[in-house]
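What follows is a pair of complexes built around chain A, which joins chain B in one and chain C in the other.
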Partner chain A sequence: MSDRQQVSIYPGEEEVLGAVVELRSAGFRILEVFAPYAVHGLERAAGLRRSRIGFVTVTAATIGSLAFYFFQDWVSAISWPVNIGGKPYSSAPAWIPVVFETGVLAAGLATVLALFVRSRLYPGKRARLIDPRITDDRFAVVLEIPDSGFDAATARKICARHGAESVEEGAAPEVGKKPQRPTTTSVEVRR
Partner chain B sequence: MDRAAWALREPLIAGDKTPHQVTIDVSRPLEGKPTPLWWAAFLVSLATLAVGIAAITYQIRVGIGTWGLNRTIGWSFDITNFVFWVGIGHAGTLISAILFLLRQKWRTSVNRAAEAMTLFAVMCAGIFPVIHMGRPWLAFWVFPYPNFRGPLWVNFRSPLLWDVFAISTYFIISAVFWYVGLIPDLATLRDRFKSGVKQRFYSFFSLGWNGSLTVWNRYEAVYLILAAALATPLVLSVHSIVSFDFATSVIPGWHTTVFPPYFVAGAIFSGMSMVVTLMIIARQTMRLEDYLTHRHFDIMTKMILATSWMVAIAYATEFFIALYSGNEYERFVFLNRALGPMAWSYWIMVSCNILVPQIFWFRRLRRTLPVVFVATIFINVGMWFERFVIITTSLHRDFLPSSWASYAPTKIELATFAGSFGLFFTCFLLFCRFLPVIAMAEVKGVLGSHLKPRPVPVTDEPILEAAAARSANAGLDEAVIGGPDAVLLDLSPEETST
Partner chain C sequence: MNVEARNLATSPSLLMPYRILVAAGVFLLAMGAIVSPARLWAALLWGGLAVLGIGVAALYFLAIHAVTGAAWATSFKRVPEAMTSLVPVGGLITLVAIALGAAKLYPALSEQGADSLPAFKQMWYSSAFYFARSVAYVGVLSAFAWGFRWISRRQDEDRLIERTYQGRRLSALFLILGSFVVVLSSFDWLMALEPMWYSTIFGVYNFAGIFQSGLAALLLILVWLKRRGVLEGEVNRDHIQDIAKFMFGMSTFWMYIWYSQYVLIWYTNIPEETTYFTLRMTGSWLPLFFLNPVLNWVIPFHVLMARSPKRSLTIASRVAIVVLVGRALDLYLMIYPPLLDAGPRIGLAEVGALLGVVGLCALVLVRTLKGASLVPVGDPLLEESLHHHQ
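After this line comes the complex of A and B, so read on.
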């Protein structure tokens, strides 16, 4: 892929939403959008699919619950059986509260860990910002500039019509150093 | 309120804020030097915490014989405080998770502080059972780990052990939920501060967040999963399990099936009151009037009123079943609660928890913050007494009259309880000083929500007719602008009366 991109900055959510919808319908390829807060519908408009991170949750919850069900059974009936009030050694109903809690614990930790790993978020990571105002109130749309056939005039016109404050084309600032490595800036927005 | 305002709904955030203004307003308390008021509050809290630490050191050295417990009353002040603090810890997750699930946009102003409150309250709650174990340095024995004593395992049939798992899971998941919510705001602060220790701190913990929509997409999914799938059932389970400590025993007054819902309702009631108390303090001391508007307090006090009635129904059910059960011990315990030597505590509970919240039927009182402030403090006193009544009055009259006893807390117990408040407010004030009290990224998302047209369900004839009638009356196209005024829990239309 080309390492040239077009970056346009927008002052608000309506503007960026309109620009994203129109740019995509005009056939431009959006590499990434940057937003200070989650805007309802912007992900779908930019062509992002629903995250599948829920599978991690379900898997971890199942493992956490089952592991502790069998652990409690093993502890109470096999490892060291203790007669407590004449109750059966394997008293399944009494295991349920702990099974529930460990399921929730495993699911919660695994889901957040999956988010961090998948998005390459880790403590102390240097943020690579496309504009320092992104975490305050500005939105940015990054378009791919293919090696040929990029209609810069039309793209600029669409951006301007939706209130873009600035439109710049240039070598990809974010991925310039390591163009072969995928980063959050350059990939993963699928059509 | 005039017609135009009714048509457009009262905005959640006052003062026509832009997202940039939100950043400025929320970051302001973190940027300057602390105010004298903050220092005063912090030093008082720290001093109270020091008293608590001294008391705890003393009682661990000497033993819990320094408490007022006796052979009959084996649980009293400590477990009361434990349940009290766990209960307060419930509103945080309620506001952040359950209200998120119900799409209550007003929660965005309150959730961050409420979640912080949850963490600190659970920390306070943990102190009491750990000391009550007698040898707190062996507290890790409550966890099932391989050991050289057999291995000897914990008893998984005991509700006290379920409590260990419930409370620790609750603390960890609440902390994770809170931190995940903080990440975008930490990134905002990272980019606002140019240098210094604080900048490095925010930079380290914001995980390189750059606002990428790909990450936002996953982040939103994770937030929904944490809120809807995990935290909501968790918050309901935790206080249910706390109530099992009592409900699975055979003590008259404890041995009742109404306990789990009763405890959960009580926890939400007390937690909501504590949130309101803290929010009024934060609003006044940190100039957050535009973010914590009268509408927020209006809705929260309505929730307090609703949960107050749930608690009232639980009190009535409990009493009725005791009288109706034909069990003379049950009947005695409840009559003794209301008429016996500790009846004063029962009537404090009833007046604070049932009578005081009734003032919230009146809109004017719901929006008079000094009144709300005092009422919520009364409610928390009442909820403390609820736990005291359940625990102590059920124990102080045994099956054998020769074992009948009474209970009064010692100075050490009072100092420990005061110390837990010291810990709570010290933590809360540090939180206000170093982290954004308002969830900026969430508030920015709801700024214009009152202006957006609400989708009107096309198939729902009566709503459309009502909307059409309203718009005919008002001469405005309210059917489009305001929509059917259908925010959950905020059912009263903002009528034209005031």
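After this line comes the complex of A and C, so read on.
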């Protein structure tokens, strides 16, 4: 994958939706769309891949429930058998509530952790924004610039037609490196 | 998008199969009455409660949406509204079964049966009080069904926002009053079949089954309408997915409540309480007992977990059919075990009740659907609902 991207900034949701639709139909690959709030139909228009976080949830839920089913069985029937109300040592109906709870707990924790790991979020992480205004009132579209065959002129033309305020090509923010502190735009962020 | 009021048009040939079903059902019930008269009333109670449940579920569906101010279901709300007309129909069948079959069905209502009961239960199950309550349940639910439809249809004409608030107030009242009725009526109509047994969660358990089966029925009807090109634009894949999601959730809720009832009785092991499960877990009842959670939870939960099956009309509607069969089995297991000493039986009356109920539901639904515009053109939330997406 190329490490170059084109970022265009728009003033409103109609503009960004229009640009996304036309850029896609012109064959450009949209990596990400940033918006200060959820825009109806934007994900579908941008053709973004669905999150696969559900697989983490279901795997963790299965492991969490099974593990605690066998743990309870081991505790009550093998390690330290105790006669409770004359029930068999290995009484599946009594395990189910804990199996349910640990399934939910494992699923919840694993989902949050997976989200943090995948998005590289950690305590004290500095926000790395394409443009600080996307948390306020601006919309940004990030296009992939492939190693060859990127028609920058057409892309710029489409962006401009839909009211893009700025269009810039540049290197993608490098993953895994210490993010740079935004300096030039700090005034706008505070506002 | 500007939506015009339009009514459902049906050809007589479309409804013919359902008329035949009703006729066949009535015929089989009559035959059953001759062959084994004892089971006729049980079969009617079974069918009546299944129909009533679907109607009550539609009331809940509408009420929850009105009270929470949800908009997504507005474009097809005429379908659950039509389903509420099943309330008086199912209610009447149930009342007939209770009134005529009381002596056979309910030991507490017979002279010798009442003597063995504690004082409070004797008072509670005195005939006059019992029948007055039963009529009141059906009356209250039918009044709400009529009220919901009336407000919604009036809004088509006068387009007043005030109607939305009116519906919201009525819905809030229903959620309180209707829930009392659902809980008490399941005590009176089902738990009373075994008057010495009691389970305080029984009403919630029934509510779960009712709501789950109602959502399944709603999904089936919408798929049926969509496949016929009716409501094509008004019901999109995201609507279907959300109903399937709702059904998925209620199915898990049903399992949760089913298990809560089971595990507490299993754990405390008190003879008065365990009789219910002992009866259902012995002999040839056992396979049916285990089939019940499979149909109502195992299949819907695992099939509908992923996204694409919920969006597939074919898969979602097949799961809905499984859930409806599961609901019928659930009711069967609540009603029949104390009546059938020799194990589960399906006779003429039971088949007749099932066929008749399916046909009757279809006829009543189509009739009510035709009584108003298919799209609630006066509802201010319609526009938002038409644009609904995930």
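Couple of notes before you dig in:
FYI, the second predicted complex is superposed on the first by the 148 of 191 C-alpha atoms of A that agree within 3 Å, B and C clash if a C-alpha of one lies under 4 Å from a C-alpha of the other, contacts with A are read in each partner's own complex, and residues count from 1 in each chain.
To be clear about the criterion, a residue touches a chain if its C-beta (ideal position, glycine included) is under 8 Å from a C-beta of that chain, and two chains touch if they have at least 3 such contacts.
Please read all numbers here as calculations on a predicted model, not as lab measurements.
The superposition on chain A brings chain B into a clash with chain C. In the superposition on chain A, the chain among chain B and chain C reaching more residues of chain A is B. When the shared chain is aligned, no partner comes close enough to touch A:R161: not chain B, not chain C.
Within the superposed three-chain model, A:E32 lies in touch with chain B and out of touch with chain C [touch as defined at top]. By the document's definition of touching, both partners, chain B and chain C, reach A:P97.
By the document's definition of touching, of the two partners only chain C reaches A:G41; chain B does not. When the shared chain is aligned, chain B comes close enough to touch A:V112, but chain C does not.
Under the contact criterion defined above, the residues of chain A that touch both chain B in one complex and chain C in the other are 40, 50, 54, 94, 97. Partner chain B is touched in their complex by these residues of chain A: 12, 32-40, 42-43, 46, 48, 50-51, 53-54, 57, 71-72, 75-76, 79-80, 82, 84, 87, 91, 94-95, 97-98, 100-102, 104-105, 107-109, 111-112, 114-116, 118-130, 132-137, 184-185, 188-189. Chain B makes touch with chain A in their complex at residues 18-20, 23, 144, 150-157, 159, 161-162, 165-166, 169, 172-173, 176-177, 180, 183-184, 187-188, 190-192, 203-222, 225-226, 229-230, 233-234, 237, 241, 244, 440-442, 444-445. Residues of chain C touching chain A in their complex: 259, 262-263, 266-267, 269, 305-307, 387, 389. Contacts from chain A toward chain C in the complex involve residues 40-41, 44, 50, 54, 58, 85, 93-94, 96-97.
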